[in-house]
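See below for the structure under consideration.
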Amino acid sequence: MSEKTQLYLNGVSRSFDGFKAINNLSLIIERGEMRAVIGPNGAGKTTMMDIITGKTRPDTGEVIWGEDTDLTKVDEAGSARLGIGRKFQKPTVFETHTVEDNLHLSLKADRSVFGTLFHRTTDAERARVDELLDLVRLTAQRDDLAGDLSHGQKQWLEIGMLLAQDPELLLVDEPAAGMTDAETMRTAELLRDIAGKHSVVVVEHDMEFVRALGCKVTVLHQGAVLADGSLDHVSANPEVIETYLGR
Amino acid sequence: MTRLTSLFAPILMLLALVTALPGAAATLEELMQRLPQGSYDDRAALVMEIAATGDERAVPLLEALGEGDLQELKSDGTLVRVVKEGKTYTAYDPLTGESLGEIGRRDGKKVKVNNGLRRAIRSALGIMTLRHPDPAKRLEAAEAAFKSGDPDQLEALDAALLAESDREVATVLGAARAVAMLNSDATEADQFEAVTTIAAMGNQDALGVLLPLAAGEGPVAEAAADAVADIERSQKVWGLAQNVWYGLSLGSVLMLAAIGLAITFGVMGVINMAHGELIMVGAYTTFVVQEFIRNTMPEMFGWSLLIAAPLAFLTAGAVGVAIERGIVRHLYGRPLETLLATWGVSLILQQTVRSIFGPNNREVGNPDWMSGAFELGQLTITYNRLWILVFSLIVFAGLLALLKRTPMGLQMRAVTQNRAMAADMGIRTGWVDAMTFGLGAGIAGLAGVALSQIDNVSPNLGQSYIVDSFMVVVFGGAGNLWGAFAGAFTLGVANKFLEPVAGAVLAKILVLVFIILFIQKRPRGLFALKGRAVEA
Amino acid sequence: EDTIKVGILHSLSGTMAISETTLKDAMLMLIEEQNKNGGLLGKQLEAVVVDPASDWPLFAEKARELLEVHEVAAVFGNWTSVSRKSVLPVFEELNGLLFYPVQYEGEESQRNVFYTGAAPNQQAIPAVDYLLENEGVERWVLAGTDYVYPRTTNKILEAYLKSLGVAEEDIMINYTPFGHSDWQTIVSDIKAFGSAGKKTAVVSTINGDANVPFYKELGNQGVSAEDIPVVAFSVGEEELAGLDTAPLVGHLAAWNYFMSVDTEENDEFIEAWHGFIGDEDRVTNDPMEAHYIGFNMWLKAVEKAGTTDADAVIDSIIGVSVPNLSGGFSAMMPNHHITKPVLVGEIQDDGQFDIVWETTGLVAGDAWSDYLPDSANLIADWRAPMSCGNFDVAKGQCGGVSQ
Amino acid sequence: MLDVQSIDLSYGAAPTLKGISVAARPGRVTCVLGRNGVGKTSLLRAVVGREPITAGAIMWNGEDISRLRPDQRAARGIASVPQGREIFPLLTVKENLETGYANLPRSERYVPGEVFELFPVLKDMLARRGGDLSGGQQQQLAIGRALVTRPKLLVLDEPTEGIQPSIIKDIGRAITYLRGRGDMAIVLVEQYFEFARDLADDYCVMDRGEIVLSGTRDTMVEDDVRRWLTV
Amino acid sequence: MSLTKLIDRRMGIFLGLLFLVTVCVPLGNLVMSPDSALHVPSFAVALMGKYLCYALLAVALDLVWGYCGILSLGHGAFFALGGYAMGMHLMREIGDRGVYANPDLPDFMVFLNWDRLPWFWHGFDMFWFAAIMALVVPGLLAFVFGWFAFRSRVTGVYLSIITQAMTYALMLAFFRNEMGFGGNNGLTDFKDVLGFDLQSDATRVGLFVCSALALAGGLLLSKWITASKLGKVLVSIRDAESRTRFLGYRVEGYKLFVFVVSAMLAGLAGALYTPQVGIINPGEFSPANSIEIVIWVALGGRGTLVGAALGAIIVALSKTLLTGWIPEIWLFALGAMFILVTLYLPKGVLGFIEASRDRLRPKAKAAPVKEAEA
């Protein structure tokens, strides 16, 4: 494995009550790489992310982080501490905290019990939160409870939380869902800026958005890789058209 | 041996008396007149003397005495049998059964009996009724003979045995004969045979006879010791079966108590602290039904439970619907507050029942078909437990079918999973909520009918089941009827296997510790729902 | 209005309401009757009822309320021992008077408390004597609820039986939790224990709620009194009212009073009770009689002292003798226990007890059991100059601080 | 037809809808457009009865339904596909679909064929619990479930969210087909502009709780609309 | 964090009132003559001391339930353990003044024929040891129990019910005379503490003041915890446990921390309670008692700390008054109160008070409590 490898999935399978959601999936994400993962509904994209973040254990196969960390032995908090950040398909924020607190809690900082007990908010942290609020256009809502946001606003907040964590790898599940076309483009831009310093894996069904990302695309189908390459390359694949893009 | 003889010392005495003074035998009437006098021991001897007259009229006399119906009229000291019918008392001649007309409640003075005297009456009647035409009576007599083990009955038993046509009675007679034989100075061979006969019974009664025998010396004692060892071995095996049965029976009670909660709490997610009181409502409904039947149509008593069951379901269900419409309805989305409110409801229901029915236990009787026990091999199976088990299974099956197979069941589940969406789908959520809560409550009421048969019917009834019910539902896995089913029976059986080893208190503690540990292994109970669907 | 207040401290809710509510009513009746008869010291009596709700610390709180806020002259109350233990310091501190009407485990004599229920020697031991003599019992099951009263009583009985030569293996001891309702295993164990060819009896210190399911199971499993009699110390007429007693005829209970006692005083009492409660079916029981005795003793002592002052009453009440309901007189002993007859009754199918045996004379309550090594040497005598609840006759001194 | 007449709605003190009026006719699709948080979902929730309105009226076939409970509105033929899918997680796919039977006569209690034609995956997964499905599968189920009730008014809140491109095309075709049947009015909230534009017969654009632009397909100026959708 | 920041309006008012009571009650009891209208009877002092212990217990529960979503139905166990630890010391203090005049063994051991003190009774003759144990034992139990349960991710009702199983099992165990804690009767008949006569007014006032200080301390400690970043993490756990994990917080560690702190506060409350009511017995472990604690918190206002304390005092006071005023039907009144509060005061009594204030004078909204889990 090369030194540049950030994440390595090898022969991973996972079934639910006999149904193979992930089937002998192998995948390499390099440091700083941005990767788009597409594929039909139920292809196993979200399940793949569950496996990487320790939410779901694979039945077989290896999931290696960096040099040699076995992610199958790490729980959710552990994966986050290793530097994996995640945005969920269904926007998930702390509904009873204010927008601002959601971001504060996400900031990269000491996560230990006593670390948080004795934590004092620094000016740098405050500045960073302001910056993020601005970025996700929620400055006006900073004191609102996150639960009162509209669907799209929650999406944005969650993206903000992801950025606040400053993770090495971002797993972004359908960030553009529920956003207007213009905002979708902005999101793509945002992710492009991040890539390079961070690795990013994006799942999305919006082909405009994927095109805007301008990165390598992997097509998943029935839990395994069906095709990969540039968007143009995979969209020309008749199987991809048949199962995913449609005519 | 000496111990046994002490039990029938009066008989020996009496026989000595009778044989010594053949001519002076007193008449039945004379003997009877002496019944109210003397110590219990004296009167036990008198009973034997009465039996020894061989006069058939002694049977009703002794029966009346044993039942406590014999009274001495305060006016003139005549003995009469008094029967209470409703509010009136009628006197009968104890020997002839001829009616002597109505008497006042305080006219007579009861001729007292105690256990010793009753035992004497039982053996006396036993001898006298060995040849009774009714096989049931003969069986009773044979059993009495077995219990008394009086060697002087040998002849009578031999004769009865020869004439006996009923197999069951004959078996018991044979056993009685064997006991009598053992208590007599029969030959070793006869005693040997007797030991074999008794050993063949293989039950606790046999053990009772053989154990003292085995403590002695000689070949008969050895044979008895062998037989004891055999019986004890087989009893160990039967003991396991017994424990399983007790466990299932306890499990059925737990399940009945918990299954309504599996609806209100498991399916609806309402922490219903008043669940126990709904059980109590069911039990009091049973009480009211029985009171009504007792006062208006006592002959219907056997039907009382079958009448009470639907009424209890409806009463408790109606209370449930009232709770849901009045309180719980306003609290969906705030499940924890239902705990506070239903706790309040439970206090009010308890006090209501206390105010209406008083703080004491009320008597709920077992109809005949719910009383007594039968033997299955070495298992003693009581009818009330058996019927409760059957009842619990029926309730369970019915509920399962309702939830899984009917549109109503589907709507219930849909409403509890997402009330707003269910309404959007056109489901009348208010109605469904009321019906669901009412159903859970109604089933608690049914549990109350069953529990009234084995437990107190008091305002505290509910409190004693609420904790166990929650344990069962959670142990099995909330939201799953099969969980409640498996949970109840697992906990029941576990408890009953622990109880003989650890004692009832420690067993209960151990079961609780077991639940705590088990939940560590399966944090969502035995029948945990898994997968995304649960977290969603 | 100038009245003498009498506190009634019985649980009207919670687990003990089932037993204690009746005692509250009995006290109200006694007070009402006394007021009809002119009250006390020319004043009317006024009952102060509170509900300690079967909550033991609440008992202490309510006792304090009665004594400090209502300034009652005497309190009649409590059922469980733990509730009594809870209020003891309060009565001691505030120098109140408590009349405790329930049979208990003994091992206590407190200056401010009068024990009108039975001590173990007034109930348990005579009952065992009865079984020994009249039933020829050789094997014993001591079954009880797992708490102090049964534990202590059984300890005393065990020592007593052993002193009579009963072998270890002929005694089976079994404890169950409060409210135990599944008796299948235990009843079948009792049957097994009783089938060793020796006459067996069960001595039951099973408490309150657990009794109904216990007796139902006995009946259903066919344990008849002729084969294995059960003698109970906590089962009275009230408990039987919840049961069909037909299958239980012949099982026994030992008390100092039964409703079936055939005396004029008792007839009057029952009639008054039925009149007061307005229900001909209501029964009377032993603790009610204990209150009857205790109340009358207090009245007499107050009259004797001419005041309701606690110290005066404590002095004047010793030796006071009042009629009990079983045809004799009960007297307050210097150890604050009373003399009572002991009766053994058999259950009848009408839910009453038929008295089959009674002590020839009265038995004086013994605060300290002779069958426990550490209390054998203790006596209590609250008369001057000894005035001590736990005087050690061997050392010749009053132990502890209770003086 | 549906006629929303200048309704107000607020969450607590904050006014969210201010005098909104929209109409929807059978055989036509009315599209509601607008940026995040402008009140589109709130409008639909008001129509189906999830949120009470504080002023105005919601008329359905001449009847004011604004005081009716959601289930009563459903009984009058209103069905919705809510934002966030709201599948019954522990019911199987089949049972999820059957919840739509509540107001159907016995003879109509079956899943219309077009549902499985449109979403073949549902047919394969009838026995799987709804909550276990993938996001896109759930969205398909939500649409299918609404169709089971044989609605007269179908309210769709971003129905294409999370759905793969080929099926989005199918959904578009299906909506066209349903509109073509002429017995159903459709209200569609959509962010995916092309999709909306292709389907809309009538449209309105919302901003901060108000309608800022509306009209029919023929009069729609795309750039005007887009201006309201960018930040 | 500065003290002024901790004491917000609501806390300030409550602590102010508490301070007032703490000053006035001793004066009223000890200084005022009994005939004076301002005299506070000893009866009331003991009663208020008890209420304050309950209030501290309620605060302890609110810390875990209100802020971390752990609905413990077994908090009475921690309270009782603290109470027993203190009770054991008080028993030892009796020395040879017991009825059997045994210098080493408490009375109940003598009359059950114990010949020596069980090992776990050693050390309790020293006050400091008992005081430490009153915190350590509940804390340790909470630690062990929580360690397993939180690691196994037992949540929601499952956690609630096993905490109930825990207290129920302890109740049955303490009932057993063999356990060596006095069985059903528990520990009673205490004479004095640190040489002060428990029946004297001064001691009673002293204990009352200690309880008030403990309550104030408990409130401030809880407030400090909940106002810190850790407090926000707790709320996150309460409302979205899984999401919190994905941010890298080790949820089990946080839960364990508050659970142990809460158990120790409960133990402290128990330790102060025992000398004031004069008895500690297994009834304190009964599941119903623990449920009642939850009721206090819910009634006062969950997730508000001050509300929890208020709830405890309101319920306990109602119980005191109602059982005296309407002993025959007081349950109707109490039950109705519970129902009405849930129906008409959804945020508890405190929420109601503040809402009515806000209605008069609109201000920034207080963070509401969301009911996430069951």
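The chains carry the letters A, B, C, D and E, assigned in the order they are written, with residues numbered from 1 in each.
Methods note: a residue touches a chain if its C-beta (ideal position, glycine included) is under 8 Å from a C-beta of that chain, and two chains touch if they have at least 3 such contacts.
Quantities reported herein were computed from a predicted structural model and do not represent experimental measurements.
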item: Labels of chains that are neighbours to chain B and to chain C; value: E
item: Those chains which touch chain E and also touch chain C; value: B
item: Chain whose average C-alpha position is farthest from chain E's own; value: D
item: Longest centre-to-centre distance from chain A, chain (CA-based); value: C
item: Chain closest to the middle, measuring from C-alpha centroids that were averaged per chain; value: E
item: Gap in Å, rounded to a whole number, between the CA centres of chain D and chain A; value: 29
item: Chain B and chain E, separation of their C-alpha mean positions in angstrom; value: 44
item: Chain A and chain C, separation of their C-alpha mean positions in angstrom; value: 74
item: For chain C, residues contacting two or more additional chains; value: 12-13, 146, 177
item: Where chain E touches two or more other chains, by residue; value: 172, 175-176, 242, 328, 331
item: Sequence positions of chain B contacting 2 or more other chains; value: 350-351, 463, 505, 508, 531, 535
item: Of chain D, residues touching chain B in the complex; value: 48-50, 69-71, 74-75, 79-80, 82, 86-91, 95, 98-103, 129-132, 145, 149
item: Touching residues on chain D, where the partner in the complex is chain A; value: 11, 35-38, 41, 83-84, 121, 128, 132-137, 139-140, 158, 161-170, 191-193, 226, 229-231
item: Chain E contact footprint on chain A (complex, rising order); value: 53, 55, 75-77, 80-81, 86, 92-97, 101, 104-106, 111-113, 116-119, 121, 145, 147, 161, 165
item: Footprint of chain E on chain C - complex, ascending; value: 12-13, 49-53, 55-58, 60-62, 64-65, 68-69, 80-82, 85-86, 88-90, 92-93, 107-108, 146-148, 151-152, 155, 177-178, 372-375, 378, 389-390, 392, 399-402
item: Contacting residues of chain B [partner chain E, same complex]; value: 265, 269, 271, 273, 327, 330-331, 333-341, 343-348, 350-352, 355, 463, 467, 470-471, 474, 478, 505, 508-509, 512-513, 515-516, 519-521, 523-525, 535
